[in-house]
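Before I ask anything, let me first share the structure, which is written out below as structure tokens.
For reference, chains read A, B, C and D in written order, and residue numbers begin at 1 within each chain.
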Amino acid sequence: MVKRTQKLPFLFCFSDELMDSATFVIIFLNGLYYAFALFLITIGLNILYGILRVLNIAHGGFYAMGAFITWFLMNAAEQAGAPIYLVWLCIPVGALLVALVSITLEPILFKRLYKLPEEYSLLATFALMLMLDDVLRMVFGGDPLSANQLFNYMGTISILGKTYPAYNFVIYACALILALGLWAFLYRTNMGRILRGAAQDSSMASALGVNTSILYTQVFFLAFFIAGLGGAVYLPATSAYSGMGFEAIVLSFVVMIIGGLGSLRGALVASLIIGLVRGFGIYYVPRLELAFVFIILIVTLIFRPRGLFGRKFTREEK
Amino acid sequence: MGIKSDTKNQKTILRTEGLRKYFGEVHAVDNLDLRVNHGEILSIIGPNGSGKTTLLNLISNMVEPDEGKVFFYGKDVTKWAPSKLARMGLVRSFQIVNLFDGMSVLDNMKASVISKLGKTNKPFIKVDKDKEVMERSQQLLELFKLSDKADSTARDIPHGDRKVLDVALCFALDPKLILLDEPTSGVGTSEKTQVIQRIEEAVRKGDVTAVIVEHDMDVVFSYSDKVVAMHRGKILAEGKPKDVKKNEEVIKVIMGEL
Amino acid sequence: MKPYQIVALIGLVIACLLPFIISKYYTFILAVTFCFAIYALGYNILFGRTGLLSFGHALYLGLGAYTVAFLMRPSLGAYRIFSMELILLIVIAVSLLVGLMLGAICVRYTRIFFGLINLGFVSLWYSLLYKLRDYTGGSDGLPVYMPTLFGIEFGYETFRTFVFYYYVLGIFLLAAFIMWRIYESPFGLALKAIRENGVRAEFIGIPIGRYRLAAYVISAIYGAIGGALWAPLSGQVSPDISSWLSSGDVVFMNILGGMHTFAGPIVGAFVFYNLKVQVMHFTTYWSIILGGIVIFFVIIFPGGIMGWVSRAIPKIRKRFYAQKD
Amino acid sequence: MSEEQKISRRSFLQTAAAGVVGLGVGAGIGYGVSRMAAPPPELVTETTKPVKDVPKDPIKLGIISWFTGPAAMVGEAVHNAAEMTSDVINTGGGILGREIEVLKRDAGPTDVTVEAYRRYVLEDEVDLVVGDIGGSNANAITSHVENLKVPWFLQCSTTQAMVEEINPNPTFLFRSGEQNLAEPNIAAQVIAKEFPDAKKIGGINPDYVYGHEAMEYTMEALNKLAPNMESVIETWPQLYATDFSSQITAVLDAKPDVVITACWGGDFVTFAKQATAYGLFEQTKVISILGSMALNSLTKDIVPPGVWMLQRDYYFELPPHNLYPLNKWFVEEYQRRYNKIPEFDVMQVFSAVFAYKQAIEKIYDLKESYPENEEICKMIQGSQVVSPAGHRTITKDGQFLNPLPYGKTIHDPKYPIATLDPETIGVVIPEYVYNPKSLPPVLEYPLGTGMKYSDWIATW
């Protein structure tokens, strides 16, 4: 059985055997790994809903597109024997390509959604998700695709004697930079202030001379870029397979509800909660893995439907 | 669930005790005691932000008070659901017109009538075949002179008629007490008198008590039995229209504003 | 006889004659379509009539289907139930109970939150179907054996492509009739008022919480009946029936058909299901075509087919009478 | 163009062609326009009787499998196999002169699969159906197949519930691939044989019926073969998961001697990559039950050497190419067409269609009239079929049997993917597959001591 090396003060355990500190750290890091995957998708969802009241189910599709496009770039770079820093470049370039490709959708589809009630955006983007999934399969085929050059290049490090893929730290760094960058952008820059203003009251913003149509396109560009970045950053650690967008979107919805619709702080906190609970949950009660997430969701919905940081309900919504 | 007959002729129909409502430091309604007697038209006047609409919202439980109680026919109705209040006879209309826009004027009326007749939970009788409902609805449309617009959808009729329909919906519930939030605002001067006449006629005929929040002073002083002047959430002055008109504080605060 | 009654009668006559005209395969497809029509009809009293978009209504489709499979499980031994009527009664009872329980929580919210709460419930239901392997058969689901209709056993193929078609048709007509009466009733008008303006409905004395719950429970029962009738046709129930992807289908049916009309969901169910069947047979890239059609209807043509028809009829009637005078 | 180069360009060619240039042109680059090599004589069987009054319209072969979602690769493999098989048969004169026409459609959830099969039979008058549709769909269609009497050759989706309860002795349903029960028994035999002193077993299996059954049956067989072993940790990642790190960490912490995983397809690719990163392969022995389904994605940086991988009922190097030219031709032909190494579903589809062809020709030899479905199916049952995996015997209840290969992975410079080390390859003969009483005599590659491949081939 596991030897009791060092008793951690705040340790909670259902099963009798205490886990040694190394495993605790690894599980914590796994929790972070999963949390940041959710966070990278949910930010985009929250920005779109927070500012434009558009609930974009197709966001999982853009996440998948990021993974597939980055795979294509990395594979091409690998075949051509490009130096390693070029391969690193594939991640931001992949995300950028996703944003550039998807921004064409904004005038065609999303622009019409602003006028329709919120639920309609749920439907239209659900249909868009179906289409995206097929387009990706048409272009990239049905096989699971993986590009491991970066993952192997980073190799593994040992944490308290346990091996751990170093690449995951790239993901943490990227998620943190993104979170700080977004926070600074929204709360410290002029454009960020305009965006938040438009979120409160778009008609007021346009009355004050804000060209909302350009603003919305910028918001979409940002949201698509983040979703693409999510797919791109995670590709080296996993694989790109058709239908991955659906898996990603279900959990990010849960995170969005728990964190509060439209709030970025909520997205960060909720994805950490879900990531860590899932990580430790699997260790202690392996059979219940998926149910954990939904139990937390239902509890939140009953006792605090607006989520941790969501805005208060107006009478009309009650 | 009608009210017992003996309370009908009791003098005070509505009483509030120590009503208080803050929005941050703003005391919208500050420890307010109001008394409304049966069958009278009481107008509430006061500058913007004096708490008139908030008071109405508190009485009709649109907004929950921070402190204080509301008594209707002596019963404490502070916590009652608006739908229960409406069925008990305490009904309100809205400053910003609040109608069933997608439905026809007749359907709007029918909705209110079936709610009054307690038939909304009948899933199998046909609305259009229910003579009682149809007659009552037609009758009300005539009373409020909306019969010619019965089939057009509520969204498309002119603003004046929308205001009148909003009030008519309240009367469809043949209420004991009706709260009207600026019934004539946004209505053209020519129509204004017509709107008020219709309301007054309905009140006198149905011996209904009315509490009206109103800005238009000549409407207030020509129709109301009693006037309450409010300022910063408190009652400044209360009494017959002509007395309140003479009160200097009222003149300074409210008339000055005219 | 009003025009719509004539149309309904003609539709009924055609529906009764179809099995003799069309092939066995299409009779089977029509029987399945009627099941989904009941499901869509029930869904619309919530979505089109009371204005509540639930994004997880496949929970009740699955509840109905799994109840049927559960009652027929061999491990029940003597208590196995095959009579379809008894099964349907139990399905109604179960869905009433579950509808009340979940509805009480859901109806406190509207618009996007109502949709998301239902999404949460259906996701939990789906993961339970997956996890409780010993009861629900896990990802493989449960087999559904041949039920008896009014106590009579039928051969496999005659059941599936003939007899059960009329059984489903009969229940569909009953369900449609009841729903029509609800639409025409004061209760139906109250629901419409709640959709148009919930706040005002509350202030004219309609207890919107209780009525939304009533609408939710009715749609839950209809969904479960649809699922229960679909189960014997398919022969097997699996968690896919309640996946959140299939929750989207019923919403598409209503939007396609025209959610603000009575016949919308029925037309929507016919058009959407048969369209999906044909497109899936035509190409393996079927979701592009279906997704495109849905986006077209949601964005450019939100009124749906029956919405367009109900707008076109007064114009036609005006032109028709104009010619006459 | 060496073997390796041709395959390693797979990914670039495929995406470059599809993504940038468009399907047509891309296929032209780099493919020698070599014609199909002539198939070996055993395949080109014909009826001895003159062919008359045989229907002229083509034989319709309907595919119902996954073409969407994470298992889309299964559909592609089945479709490639069906296309190649029908090409081979058509160039060889078809079946009694009738060409084979391939139809394909997506399986989807249960109601869609049932509707698809009924449409194939009632509308398109399909002659046979081929496809892998998963446990729930397989259980659903059994009753439809038995009543509509058009044979369906399943590949991998044979649940024990179907085999034992729902449809114990089918007439029209064939399992051209092994039952789900087969590999767990072999995994148990491999563990018992290779790691006799192991004590603690770990499990990382997908959280659905197949995953649970794989773990349960393996432990059941192990209790008979090596009672001292017990399972200390069983984790259940979600099907089509993107993250296995939590499960791997939990398993590593329990320090098992052997880890069993039934993850397949994209799951196995992701699992293997993260397992290498977390050092699972170094710290414990891993046995993969169905990882070989994604054979062409198992590049060397994902699967290290030393992982025991079961190959279900076909490994492309067995029977050895020098002893059995049909297999050599089959592998090269598949590579020429699709630039991939054939997985076991491809062989299963190939043998199913050929079993169908050989049965029709045999009946025609006897009766000289075109047989009905019932007769064809009765003839297939109990017959033998010439297939790339050797002569497969078909049981009375429609199960295709042949020795099941397994082995330890090695990084062979000849291939871009991890393949099996010839020294470690073992093949369990059918009789021992379903009742693992004792360690079976293993049919070994030339270097082994047990029964030889050449002995088995000699018995055909």
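Methods note: contacts are C-beta pairs under 8 Å (C-beta built on N, C-alpha and C of every residue); 3 or more make two chains touch, one makes a residue touch a chain.
Everything numeric in this text was worked out from a predicted model, so none of it was measured.
Looking at subunit B and subunit D, the chains in contact with each of them are C. Note: the chain lying farthest from subunit B is D, by mean C-alpha position.
Between the Cα centres of subunit A and subunit D there is a gap of 36 Å. Taking each chain's centre as the average of its CA atoms, subunit C and subunit D sit 40 Å apart. One inter-chain figure worth recording: subunit B and subunit C are separated by 42 Å, centre to centre, where each centre is the mean of the chain's CA atoms.
Residue positions of subunit A touching 2 or more other chains: 133-134, 137-138, 246, 287, 290, 315. Along subunit D, residues 67-68, 75, 207 each make contact with two or more other chains.
Residues of subunit B in contact with at least two other chains: 62. Listed by label, the pairs of touching chains are A-C, A-D, B-C, C-D.
On the side of subunit A, the complex with subunit D involves touching residues 2, 19-20, 23, 26-27, 30-31, 33-34, 37, 72, 75-76, 79, 133-134, 137-146, 148, 151-152, 156, 162-165, 167-168, 234, 237-239, 241-244, 246-248, 278-279, 282-283, 286-287, 289-290.
Note for the complex: subunit C touches subunit A at residues 53, 55, 105, 108-113, 115-117, 119-121, 123-124, 127-128, 130-131, 198-199, 244-245, 248, 251-252, 255, 285-288, 290-292, 294-295, 298-299, 302.
Contact residues of subunit C toward subunit B in the complex are 181-182, 184-190, 192-193, 195-197, 199-208, 211.
Per the touch definition, subunit B reaches subunit C in the complex via residues 60, 62, 81-84, 86-87, 91-92, 94, 98-103, 107, 110-112, 114-116, 119-128, 130, 133, 169-170, 172-173. The residues of subunit D lying in touch with subunit C in their complex are 67-68, 75, 104-106, 108-112, 114-116, 118-119, 121-123, 134-137, 139-141, 143-144, 147-148, 159, 161, 165-166, 207-210, 212, 239.
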